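So that you can tell them apart, the chains are marked A, B, C and D in the order they are listed, and the count of residues begins at 1 in each.
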Amino acid sequence: MDLTFSESEEQFRSEVREWLTVNVPKPALPSGDTAPGFALHLEWERKLFDARYSVVSWPSDLGGRDATLWEWLIFEEEYWLANAPQRVTQNGIFLLAPTIFEFGTAEQQRRLLPKMASGEHTWCQGWSEPNAGSDLAGISSRAVRDASAGGWRLAGQKTWTTRGAFCTHLFGLFRTEPEAAASGSRPGRHHSMTYFLVELDQPGVTVRGVERLDGDLGFAEVFFDDVFVPDDMVLGGVNEGWSVAMATTGSERGLTLRSPGRFLATAQRLIELCKERIASGGARDQAVQDRIVQAWIDAEAYRWQTFGTVTRLVDGAKSGAESSMVKLFWSELDVRLQELALELLGPHAELIDGDFAHWMKAYEFALAGPIYAGTNEIQRNVVAERVLGLPRK
Amino acid sequence: MDLTFSESEEQFRSEVREWLTVNVPKPALPSGDTAPGFALHLEWERKLFDARYSVVSWPSDLGGRDATLWEWLIFEEEYWLANAPQRVTQNGIFLLAPTIFEFGTAEQQRRLLPKMASGEHTWCQGWSEPNAGSDLAGISSRAVRDASAGGWRLAGQKTWTTRGAFCTHLFGLFRTEPEAAASGSRPGRHHSMTYFLVELDQPGVTVRGVERLDGDLGFAEVFFDDVFVPDDMVLGGVNEGWSVAMATTGSERGLTLRSPGRFLATAQRLIELCKERIASGGARDQAVQDRIVQAWIDAEAYRWQTFGTVTRLVDGAKSGAESSMVKLFWSELDVRLQELALELLGPHAELIDGDFAHWMKAYEFALAGPIYAGTNEIQRNVVAERVLGLPRK
Amino acid sequence: MRFEFSQEQFQFRDAVRDVLAKTCQPGDVREAWNNQTGRAPSAWAALHDMGVLAMLAPTEAGGLGLTELDIVLILEETGRCALPEPIVETALIAAPEGWVNGTDSASVSLPESPFGVWTDTCASVVTLTADGVRVAPRESVRLTQRESVDGARRLFAIDMGSTAPIAPVTSTALAFRRGVLGTSAQLLGLADRMIEMTVDYVKEREQFGVKIGTFQAVKHHLANARTKLEFARPLTYRAAASLASRDALASQHVSMAKVQSSDAASLAARVALQCHGAIGYTTECDLHLFMKRSWALERAWGAANWHRRMIAQSLFERL
Amino acid sequence: MRFEFSQEQFQFRDAVRDVLAKTCQPGDVREAWNNQTGRAPSAWAALHDMGVLAMLAPTEAGGLGLTELDIVLILEETGRCALPEPIVETALIAAPEGWVNGTDSASVSLPESPFGVWTDTCASVVTLTADGVRVAPRESVRLTQRESVDGARRLFAIDMGSTAPIAPVTSTALAFRRGVLGTSAQLLGLADRMIEMTVDYVKEREQFGVKIGTFQAVKHHLANARTKLEFARPLTYRAAASLASRDALASQHVSMAKVQSSDAASLAARVALQCHGAIGYTTECDLHLFMKRSWALERAWGAANWHRRMIAQSLFERL
């Protein structure tokens, strides 16, 4: 066991910190889930890319720095501590990219990844449908082979597509053998889908923004009416979409989506908020302080649990169903952190203007955590069945 | 709405309080779940009976005072505030007696109830079996008709029988049409049982005490080997045991088993414990104080929720599935109350000798609350299905 | 002892519920998010016509001379429909004291709830401070608008200028208790509505080939929320009775009511959102109208923590 | 950065686990409830033979000269089997300082943990106080027995008489941190064992015609307990490393470890009992041996609340 970072890692941390200190926009950018905010965030993404900070862990020829997992964690810690902008590119770089690295051809990687790194292509996720949320295998959007054109024709509807109203591309699952699903047999449901990469700016695609809880158009419904996708935009094999997608949902729950740095930074800010409230005449509240301490301990626990996971990944282990525990933990921690801030703010918590407005917005954002990427109820089933070995039925 | 007690009710409260002040044993009796303790508790029960306080709500010709439900609640509040002994007769007077009042013949009432009131007969409950706990309909102990002897012959085993090692009688369910159950059909499972009242001191009955969590022989396994029960000890109709028993489990969860007075008194004592700890040099802990306040509010909430229920019962309403919410609430409140005491005691919490020993014992006792009388998981199902109307399957 | 409302009280409650079901539908609340006032004028007019606004005003002033106990169920109904109107401030606080009458409305602010709501369209502005109650016509007061997460709640910081107190500290105390009571009652209605909406939803929504209401996890979430509400209601009703009878412990009783109803609404909102899933996370779903009102009211007039601390003072500090 | 134990550390842990699986079975713990010492002598002898007791003692004193990081997994194992022996006090506190050696054992008391355990059969008695460490042979000390809910924990109030401190306050601090660390590690083992026992049970127990482990409520209880444990372990291992490297923040790190492992064991115990139902509520079921040890250790060496308050002081009080 060695709990120190190497000299080069510390060097990397210093460089990142210095760059962020100079470059992080002040005041903070407006929400990236509005059209003008999204545009400002893309400028920021371009700036990150130009400094080779947009995808540090990728190979340098694809826009990254070949950073190790440790360096990636360090980058994330510094990024969130610096209060840098949310990543509007995150569904591409954190969810799709690992899948392309695993299942994409070399040609696809060269064609798609650099533009993702630079923000020229922005990717949204096309998983859920109106009748297939937690039950992802219940999707009915379909793709029909068009051999003469060398591709597929998509039809159907995706929903709750994060930033779908602003992104250039969508990745998602479509049924390629509808009759297998109609038969209702479980294997049929899972083995008749294909993973497609779809350009959104083309005939047949209709995108309708949907207001999220916080009033931003953070969601979209995406309708497909005879939309063409060429063969080279199929990721993994035809009819193998389910296993390809499962690799992505693994990332979503696991390491990449919500790194510990995010919660460590929030816990820090919560401690500062508490001190400020006291300094400006508020009563010291031992009970709230104790709960803030607990949230801070939990953020530290998440950090060290991740360090253990990364050590094992570096040793060559695969991540498994444990990632469901990680998702349960950070999503509930996030809600607790934001709730504590609202508690400190008392009657000022409801304000969405002024100095404290970001806390309510962050609370609304945090409330999505226990729902998306597989509800926490589903995650608990996974932990019980796959980590503890309890019987399914 | 009228939130005052009448003059005669206040008069009753004063009389009860006065009598308890003079008569409650000091120091407190030892646990009633040991043989010598049980004997001392029976003396106390006799004293209550002689003063006509053992079953205040019963008709006076059966040993009671014809007390109203309001007077009964007042009695309970005073009883627990006075720190009077646990009622070792409770399973008889609170669980069986309401069933006898509802389903028993006039002859059975006259024959059985006065001896229950005086403590001459003490009753334990024979519901659970090794393979039928939460799933009460899964019992397999059986009764076979012996027409020539004018009764039934019992065989099988009951378990987790509270105070079974000390009681004179058992009430319980036995299968009277075993083939209906074996067929496995759900109606069959529920409609082939009969409710029997069994004298334990007779050939064929074997009682084995089982240590509870706190080390007392509070449970028993009761084995029946060709045990005779005469016809006049069948309660309700033959094969109608399930609906008769459901009336009893209703009482168990509802009004009678755990009256609010018990938790109000515990909350009071918790506040006093907290003050004592501070007075004897302990630090004031706002966080723990807040949680004690919450527990006290919850006890008050239970009191007023009960007042509402009693008002409606007096108006002629029947108690329904709401009783499952009551059981959920008091059983979890009880655990919280005792946990808070242990938290105040810190490293002294583990002691089972000395001044604080009763708190650990009470904690162990409270831990049974979410398990018995239908686990809280089952109660939540009941609330969801019968109060909220969610679908069973 | 009789802890239940009278038939008349229930009947009036039902009549108000019927009227609000027509005049304050979710569409009307959405309308309040977008119109210039944040309010629902036809609901307000209907409440006035039914005499609700004047229920607590003395009969000599043309009121009905009724008590907190008579109005508490009505206020619960205004929570159930997320009524975007200053009903608590008007019917429970200002009208009984004669600070407003007719269809006029009042806005109230105080240290624990520093922003007035709908102040710009109220006739009277009331502030509760440690040295007494100040009342002023809206025109004489300087308002600074603030924005609430609940788009129907038009918030204003209030500058009363040099207005002197018109009522003593005892009036501050009574007004405060009434405000806490009314807010508690609204939170009960909100909690009940969110549970009801969610029950309806999980009975219809299917995933994995079954209604999601058949999953034990969903059942248990909702059972917990319903149980919490079951043990919040009685303390609010009891607090209403204590205020009506000017019970010496009324202050403690309203604090208990606010603690319990805030926590019940908070849990109901969490459970409702979680059981609705992503659908509840959009503003197209009505849930958010009720959830955001809850978030605001849980913390208005003293959050649960604040009231627990008040009770702790009486239970612990005076050793 | 490498946050994982070495192969050697895992192998030694496995070897100790195997030995304890033979010498400290539930039957041995039950035996300790009933024998005259509360202890499990063959397990103790085995641990001595394996060198565990001397792991942290300096090599010049015949020890192995290892660190807290080398022993923390071993201590977790002693929790897993509810070992009724003063292993934390002996191997982690007294042996490294030379206050005991060989198979001799030590008993330790301090303000946050005022009773010694198994003191009457220990060679040395240690007290940690604000002015330093006192050490005395058992014979010179007056003991008053107290009774613990955990029948294997023979508790004693200790009167050291006029013994003077033999080691300075810095030693008190180190001994305290080691005691907290060791107790945290034992709590992890206890939590793990209770979850494991319960998983085994719910896979076998049938009600309503199915294994109760198929019920979502049971699954979710156990998933919550397992998740809590997952995020307790790393903080204990990190605290061990901090002690081993004499990190300046080691005190905070051991406090974090104790908070998290106490809460994890507390939840595991509640969940285990609830999922066992009435069967777990009898002393015939082994669960109670582990549950009662947890109840004691959660509050020994500073309960979670106490340690949270310590951390709060460093995070908040120094504004």
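Throughout what follows, a contact is a pair of C-beta atoms (placed from the backbone, for glycine too) under 8 Å apart; a residue touches a chain by one contact, two chains touch by 3 or more.
Just so it is clear, the structure is predicted and the values come from calculations on it, not from any experiment.
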{"item": "Which of B-C and A-C has more C-beta pairs touching across its chains", "value": "B-C"}
{"item": "Farthest chain (mean CA position) relative to chain C", "value": "D"}
{"item": "Length of the line joining the C-alpha centres of chain C and chain D, rounded to whole Å", "value": "51"}
{"item": "Inter-chain centre distance, chain A versus chain D - centres from mean C-alpha coordinates, in Å", "value": "39"}
{"item": "Centre distance in Å when chain A and chain C are each reduced to the mean of their C-alpha atoms", "value": "38"}
{"item": "Multi-partner residues of chain D (each touching 2 or more other chains)", "value": "215-218, 220, 305, 309"}
{"item": "Residues of chain A touching at least two other chains", "value": "285-287, 290, 377, 380"}
{"item": "Pairwise touch network: line, ring, star, complete, or other", "value": "complete"}
{"item": "In the complex, chain D residues that touch chain B", "value": "112-115, 146-151, 153, 155, 206-209, 215, 217-218, 273-274, 277-279, 281-284, 288, 295-296, 299-300, 303, 305-306, 309"}
{"item": "Touch list for chain D against partner chain A, complex", "value": "1-6, 69, 195, 199, 202-203, 210-211, 213-214, 216, 218-220, 222-224, 226-227, 230-235, 237-238, 241-242, 245, 256, 259-260, 305, 308-309, 311-312, 315-316, 319"}
{"item": "For the chain A and chain C complex, residues of the former touching the latter", "value": "128, 131-135, 138, 159-160, 210-213, 215, 219, 285, 287-288, 342-343, 345-354, 360, 364, 367-368, 370-372, 375-377, 380"}
{"item": "Interface residues, chain A side, partner chain B - complex", "value": "285-287, 290"}
{"item": "For the chain B and chain C complex, residues of the former touching the latter", "value": "1-6, 9, 70, 271, 274-275, 278-279, 284, 286, 289-290, 292-294, 296-298, 300-302, 304-305, 307-308, 310-312, 315, 322, 325, 328-329, 377, 379-381, 383-385, 387-393"}
